[in-house]
Amino acid sequence: MSFLGRGSSTPAGGVNHERVDMAVQELDMITDIFNKLVSSCHTKCIGTRYAEGDLNKGESVCVDRCVAKFFEVNKKVGEKLQSMGGAAAGGGGLPSL
Amino acid sequence: MDLSQMNSAEQAHMSKIIEKKQMQDFMRMYSNLVDRCFNACCNDFTSKALSGKEEQCVLNCADKFLKHSERVGARFAEHNADAMSATGQK
Amino acid sequence: MSFLGRGSSTPAGGVNHERVDMAVQELDMITDIFNKLVSSCHTKCIGTRYAEGDLNKGESVCVDRCVAKFFEVNKKVGEKLQSMGGAAAGGGGLPSL
Amino acid sequence: MDLSQMNSAEQAHMSKIIEKKQMQDFMRMYSNLVDRCFNACCNDFTSKALSGKEEQCVLNCADKFLKHSERVGARFAEHNADAMSATGQK
Amino acid sequence: MSFLGRGSSTPAGGVNHERVDMAVQELDMITDIFNKLVSSCHTKCIGTRYAEGDLNKGESVCVDRCVAKFFEVNKKVGEKLQSMGGAAAGGGGLPSL
Amino acid sequence: MDLSQMNSAEQAHMSKIIEKKQMQDFMRMYSNLVDRCFNACCNDFTSKALSGKEEQCVLNCADKFLKHSERVGARFAEHNADAMSATGQK
């Protein structure tokens, strides 16, 4: 009933729980990766003496490169898993970040 | 994440779930922060009181961690945007 | 309609899911903090040779001080977050342990 | 945590949730204990059998960890009680 | 109504949520233990230089023994907890892997 | 785990739950793999590009971790089978 202004790909008023579940899983995955990224780049880049509360220049540059490299590793691992038939492990495509 | 393919009931449902998760994320971030800064700054247990030096370390640690997270978040968003436009994903 | 004998803060016989959710989140938070406390003070205070099964005197005293210090750190971090406007991050007040 | 503001239906619901969480906590504690004591005590993989020395180490490790948790729990409860009475929280 | 071919311990067509919950908890427990086993034996046995992608002979043998030893530790810890009255902690028997 | 005592409605429900958990497990394995291999292989942040050496390390790391997991899984299944037949558990 398009007079309600919904596009064709949008079903009627109810909630498609499968679609919501998929979105929640994707959200959990992104949150998980983000938390690991924060923790790993903290270990790699941030000194532990805590003489001051600001990121210094060296730490800031390190963090930027750390995130970039983490994304490259994510890409390589994703390609690797797909080449090994990672789809078999979950039925779906590999999540792109 | 792309919510545009959802109908309004689904979007409303997702909003509630996201709101709940944000609260959980905040709480986990908070307990991680306490644990991280405690571990980095407290190594002397000859006293149960926090020394002035330890307290300053904890405050700097919390400050720095939040700034670090913010910076990672900004870079993360940029890379995500790049990755999405590269693959033509909506 | 107070003639039903309900107090103002207590809703009807059903379950207020929002209130239960809040309590569950608080429980999860406390459990999470407790588990981190157990693990961190174990690392700080307990030797890893395991020549005996009892806490020795030094370990026991260390554990007591470790817990006290962890609570102080919790307080300082809480105050710090509140001073930075932590309320914005979750809509609620900072959880007190 | 304060359950006194809940009605009886909510309290009953919470009891079930708490019971389920206690089982989960116990299981996680159990697997953590196995993992922790395995990591602390087993470092020789020239044999697949647990040596007498390793076994004693594992038993002491488990024993000590449980006593440690108990002590932390007791202190935790005291601090919590103090914190609550200090803020006037019910 | 046994003419439907169900045994006596199998209830009617509905879902017994308690039974499903128990099975889910058991599944979570096994997954948790398995993940810890993978991680611990990786730390104990696998070198971190990553000069090649295959497990070498020494690593493979180490992994087999590592899993065997982990199961023995699991058994000892389980017995220990039961002797201390572990049932009190959860109301149920100790999970056997 | 023994599903044979469940009726068909319960088994169908469990299948859905297991399927969902497998997806979650796969995602967690994936993010752990990325994090693990990043940590093992990347220690030079004078550049943001992955060097050839780092890339090879990451590929070997992922390869090896998956083979390791597979081997642990095989041994785990054997031990589980032994443990179950030993206790007479179905």
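Every chain is named by a letter (A, B, C, D, E and F) in the order it is written, and numbering of its residues begins at 1.
One rule holds for everything that comes next: contacts are C-beta pairs under 8 Å (C-beta built on N, C-alpha and C of every residue); 3 or more make two chains touch, one makes a residue touch a chain.
Bear in mind that the values here come from a model prediction, so they are computed numbers and not experimental data.
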Chain whose Cα centroid lies at the greatest distance from that of chain F: C
Chain of greatest Cα-centre distance to chain B: E
CA centroid of chain D to CA centroid of chain F, Å: 26
Centroid distance [mean C-alpha coordinates] between chain E and chain D, Å: 18
Chain B and chain E, separation of their C-alpha mean positions in angstrom: 32
Sequence positions of chain C contacting 2 or more other chains: 37, 45, 64, 68
Contacts with two or more other chains, residues of chain D listed in rising order: 37, 41, 58-59, 62-63
Category of the chain touch graph - line, ring, star, complete, other: ring
Direction chain B, origin chain A - full chain order round the ring: A, B, C, D, E, F
Touch list for chain F against partner chain E, complex: 1, 3, 5-10, 13-14, 17-18, 21, 25, 37, 40-41, 56-65, 67-69, 71-73, 75-76, 79-80, 83-84, 87, 89
In the complex with chain E, residue positions of chain D that touch it: 19-20, 22-24, 26-28, 30-35, 37-39, 41-43, 45-50, 54-55, 58-59, 62-63, 66
In the complex with chain D, residue positions of chain E that touch it: 21, 25, 28-29, 32-33, 36-37, 40, 43-45, 61-62, 64-66, 68-70, 72-74, 76-78, 80-81, 84, 86, 89-92, 94-95
Chain A - residues contacting chain B, complex: 6, 9-16, 19-20, 23-24, 26-27, 30-31, 34, 37-38, 41-42, 45-46, 48, 50-55, 59-60, 63-64, 67-68, 71, 96-97
